[in-house]
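These are the structures in question, set out in turn.
Consider the two complexes below, in which subunit A is the common component and subunit B and subunit C are the respective partners.
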Partner chain A sequence: MKREYLIILALLAVLVAWPLLMGNYAVSQANRAMIYALAALSFSLLAGRLGWFSLCQTTFAGISGYTVAILGVRFGLPFPLVVTLALLLTTLSAVIFGLLTVRSRKVGFLMLTLALGQMVWALSFQWVDVTGGYNGIAGVRMPVYGGIDFNATRVFYVLVTTVTVAIFLAVWRLYRSPFGLLLLGIQENEQRMRALGHPVALARFSAFVLAGAIAGVAGVFLVYDMGIMSPSPLGLGHAVWVLTAAVLGGYRSLLGPALGVAVLITLETLVAQYTDRHMMVIGLVLLLSILLMPRGLADVLEQRFKRKSKPQASATTTTQGEEP
Partner chain B sequence: MKYAKTLIIGSVSALAVGATAHLQADDTLRIGVIGPTTGVFSFFGEQQRMGVELAMEELAERLDALNLEVEFYDSQGDAETTVDRLRAMESRDNVDLVVGPVLGGTGLAGLEWAKGSGMPTVISYSAPEDITMRDRAENVVRAGWTGAQPMFAFGEYVAEELGHQRIVMVGQDYSFPYNQLGGFLKGFCAAGGESVERIWHPTGTSDYSSILATLPDGDALLYNGAGSDGLAFFQQYHDFGIDARMPLLGGSNFFAVGDLPEMGEQAIGGLSALQYAEGLESDTFLAFRDAFWAMHGDEVMPLAPAEHGYVAFKMAVDAFESANGGDRDAVIAALRATEMPDAPRGPFHLDDYGNPVQNIYINEVQEVDGRLVNVPIKTYESVSQFGPFEAEAYLAGEPDSRDFPPGSCADPYYD
Partner chain C sequence: MTDAQPEMSPVPALEVAGLAKSFGSLMVASDVHLRVTPGERRGLIGVNGAGKTTLFNMIAGELKPDRGSIGFFGEDITRDSVIQRTLKGLGRTYQVSTLVPSVTVRENLALARGDGRLPSLWQPWQSRLDDDLMTTADQLGLTPVLDEAVANLSYGTLRQLELAMVMAQKPRLLLLDEPAAGLSHAERQVLQGILQDLPQEVTLLMIEHDMEMVLALSDRISVLHQGEMFAEGTPEEISAHQGVRDIYLGRANG
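Right after this comes the complex of A and B.
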């Protein structure tokens, strides 16, 4: 119990200290990291709780981003309305996608989300009148309220951090709630949950819609961060990137996806500075980490902390005891 | 409690490392060059990089005098990565001027960023016309072209010199080909053409049999696209024997030198238009080509992205010199006043909107010294991004799209 609170406090301290100590670029990197942490959280909610590997979470972010761009730039609607409508529309599309995918399992689900994601990507590319096609929609800006320009990197950081932390805390509560346990139960043994009288399909569906809505929030931030909405964030590359980050960090834990995103972005930034072969270096790192840490970074760290904090417990249990 | 300590020490040291990376002495000028040096479009980014490297070698003394450093960044051909690298340039690496991006989408993302940042930017090969038209920014100029720019002249040439009246166009369904066709139509109709029928196909199409089997009749066919789609179309067009009925014309990148060996002898005589040609015979071009070959080996032909990178870099160095340093306003003013009487592609200057006014070459594929290359057979001088139109009138019109401008030259739009 206490351990978890300490980790959360330490993380919050880092998040507060970051903009005070770091340069502009590091802060903008942190903004991107948090946006993708939300996308990876959305992915992990399904992968970690239900064993559903989705390739369309970035699509929800994209739908939300396009809604913001179209309503904000083309129609000039005010910011709060734009964001509300974007989240509503994203949730609505998650409802539709959810109805289509709720009965599917494992590979079937993966393929369905792949197909849906690619359809929306193709649509964004070819429905030129609405989406601007390949060129996209430029000029997406945050408003200025009371002399505070939300486009400024550090102001934007405060906003993104607050929302991201709030969502992570909410999901943390959710994972420990009866609903979260039900999801885990469904993944473990669906028949038993059904026999116990739980609404299995409804639970899956709700989780899918919730994950879609979280991705929608990521999409809102993504488009304001970029200033332009184009089909590229909806492409398969980005979906796979999010999957990679979640697997690297550990999609079963709450903070794993965020950790994976942070590590991947840091790696990309650092390695790209020195060589054009950065994709190879990153690929190698991924290969090794997945071979050595199949359950992800977060899991490895967790095991470490457990051993350190409970030396007596591990000494008494014979199964765990490599060292006292 | 131990882990809490580890956490705190860990995070503090991470912050410290990050903070030191930010400190840099600043009496040097820095140019950041961005392009896709990895990924599917790495060819274009590599070309730009080679062009810039050549310019760096030629201008080495002037770079020393200016205390100027150059840093290369990889956009991966992705809009988001482009914006991220641009941010790194500005706030991490203290770059004073950006050369690039290279591709269409990354160019627009770069423009959007440059508007917010105010960074002097010389867009190299990226061709969306709005970069220097409807969305133009004071601090962004272009060393290259717009999609429509070479096609005004090509449309005129096809109608006037070749006498084709009705054209069938098959093209890749996205904004660059729309813009190319827009330019073509405006030039073609003004020069007495009759109509252009459009057939768009999604990018990545490899089988054109359904299109070719139901092709409408016309005097010539314009393939408005490039790359692997263009190659596949070229082969199937000849397999179907349609080349005997309708000659094949190309969009600006269709007969790209990299694809010519695969097209083979059937490509000879193929016509297209660009502000560049690897078969140019001018002294400045030959000097550029030979220096390029001496540096990078003669199996690599310098193409437009290389020349545009080379020229963009020269524009940047000239601007720093006439601004006497890195003062933003002075650099931007100098960039906007750019005149390049001796660019390898031919002389050019920037118009009021920051895009080159330059020669457009009608190129024919010919075999020269055992290589297939594009040789200019006609030159249209001083063509601006607005073609034969007044800037104001052009900007008042709709931007080119999937079905604009109208395909029939009898449409009132052309009056």
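Right after this comes the complex of A and C.
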């Protein structure tokens, strides 16, 4: 209990210190990491609570990003309206995808999200009039308010960090709420949850829409961070990258996905100095993490921590559910 | 007003009529009739594989019958979903119970008493545990294991948790599928006491192989055999019934 709060405080301290101590490149890397942490959180909410492995969370981010680019650059709408509409449209897409997938399980769900993701990806480069095809839409810029340029790396950092932390805290609460518990219950014993009087399909659907909305937020930040929206973030490679990060970090825990993203980005940055074969590295990392720590880094760290701090006889409270 | 016998037939808590179910070529129920009056304690016996659990699955809505109807306090629920039946006041336990294995007993208890709506996304789950629920859990001896993961529970404790969760639901009709199976003698005594203390308005339909317990608890007993109700009567009548004795002697006793 108390240890949890300590970890969170320590993390917050690092997040505050980061832009004060680090250079521009490290801060912009942190921006990218937090955006992908949101995407990985969106993935993990479904994978960890419901056992639903989605390949279309990055698609939601992409839909959100395209909406921002089209409305902001093509139509020149003001920033608050652009963001509101992007999140609304992404949530609406999640509602539609959710209606299509809510009855499916495991492999069926995975394949459906793959199909939906691929369809939107294809649309993104074939619908040239609207999306600009492969070239995409360039010139996506954050506004300047009261002399503060939100495009500046450190200003953008403050914004991204604030929103990301708020969303992680909200999901933390959600994981400890009766709703979060119900999602676990549905994953492990769907029939029983129904017999206990819980609306199983509605709970699944709500989680899916929520996860979609979180991915939508990631998409808004992503497009402003890149300054351009193109089909590539909607491709399967990105979906697999997010999946890898979540599996590596541990999708059952709250902070696992963020941890996975941080490790993966650090690794890529290091490797980039020697080779440009990113996907090889990702593949290798996924392979090793599944073989060596099937429950993810977060779980490994936690077990290590537990053994050191207290030799408590409670091997009973598993990591699922509440411990971040 | 033209009712022939208004006193003799109150609206039954459960009225199963002409229920039939086959799994492929295996006919498990051919023409099952069962009428349980409100407040009654009914035992349901039959050899292993007689189709008792299958009958429960159909009553609870988890299995669609091929034919027949199910009435619940005068209402036809044959086409209702599982959750609709639960919300109308039907509660059941399972012969093989698992619940949510990865979390604690306490968290499982917090999942009891669904009301058909989404539970809170913001409150802590502990907010669903009230005195009423914890008292039920305590009566069933769960207090020492509240923080154990369900996956680590002994079989007997799991059954008690199962029962606590369904009792917390305050069902009008309670279906128990072999509640005493796997319990120690002491645990059986506790269970029997709890079932005896159930509020009078709760109707109980109980599958049980422990004849001592069935005889002690039941007002009436029904015997399911070869897809039909073979006999029905008071515990005295059933224990004296030659046909029932033949079934139990002729085949392996459950």
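Please note the rule applied: the second predicted complex is superposed on the first by the 299 of 324 C-alpha atoms of A that agree within 3 Å, B and C clash if a C-alpha of one lies under 4 Å from a C-alpha of the other, contacts with A are read in each partner's own complex, and residues count from 1 in each chain.
One rule holds for everything that comes next: a residue touches a chain if its C-beta (ideal position, glycine included) is under 8 Å from a C-beta of that chain, and two chains touch if they have at least 3 such contacts.
Fair warning: this is a prediction, and the values are worked out from it, not measured in the lab.
In the superposition on chain A, A:L112 contacts neither subunit B nor subunit C.
Contacts of A:A203 after superposition on the shared chain: subunit C is touched, whereas subunit B is not. With both structures placed on the common chain, the touch criterion links A:L181 to subunit C but leaves subunit B unconnected. Judged by the touch definition given at the top, the superposed model places A:A10 against subunit B, while subunit C stays out of reach. Measured by the number of subunit A residues touched, the leading partner among subunit B and subunit C is B.
Within the superposed three-chain model, A:A272 lies in touch with subunit B and out of touch with subunit C [touch as defined at top]. On subunit A, the patch touched by subunit B and the patch touched by subunit C do not overlap at any residue.
Contact residues on subunit B toward subunit A in their complex (touch as defined above): 2-4, 7-8, 11, 15, 18-19, 21-22, 37-38, 73-74, 78-80, 83-85, 87-88, 90-92, 104-105, 108-109, 111-113, 116, 128, 130, 135, 173-176, 178, 202, 401-402.
Looking at the complex, you find that subunit C touches subunit A at residues 60, 62, 81-83, 86-87, 92, 94, 98-104, 107, 110-125, 127-128, 147-149, 151-152, 165, 169. Taken in their complex, subunit A has these residues touching subunit B: 3, 6-7, 10, 13-14, 17-18, 21-26, 28-29, 32, 122, 125-126, 128-129, 133-136, 138-139, 151, 226-228, 230, 232-233, 237, 269, 272, 276, 278-279, 304-305, 308-309. Of all the residues in subunit A, the ones that touch subunit C in their complex are 173-174, 176-182, 184-185, 188-189, 191-200, 202-203, 206, 314, 316-318, 320-321.
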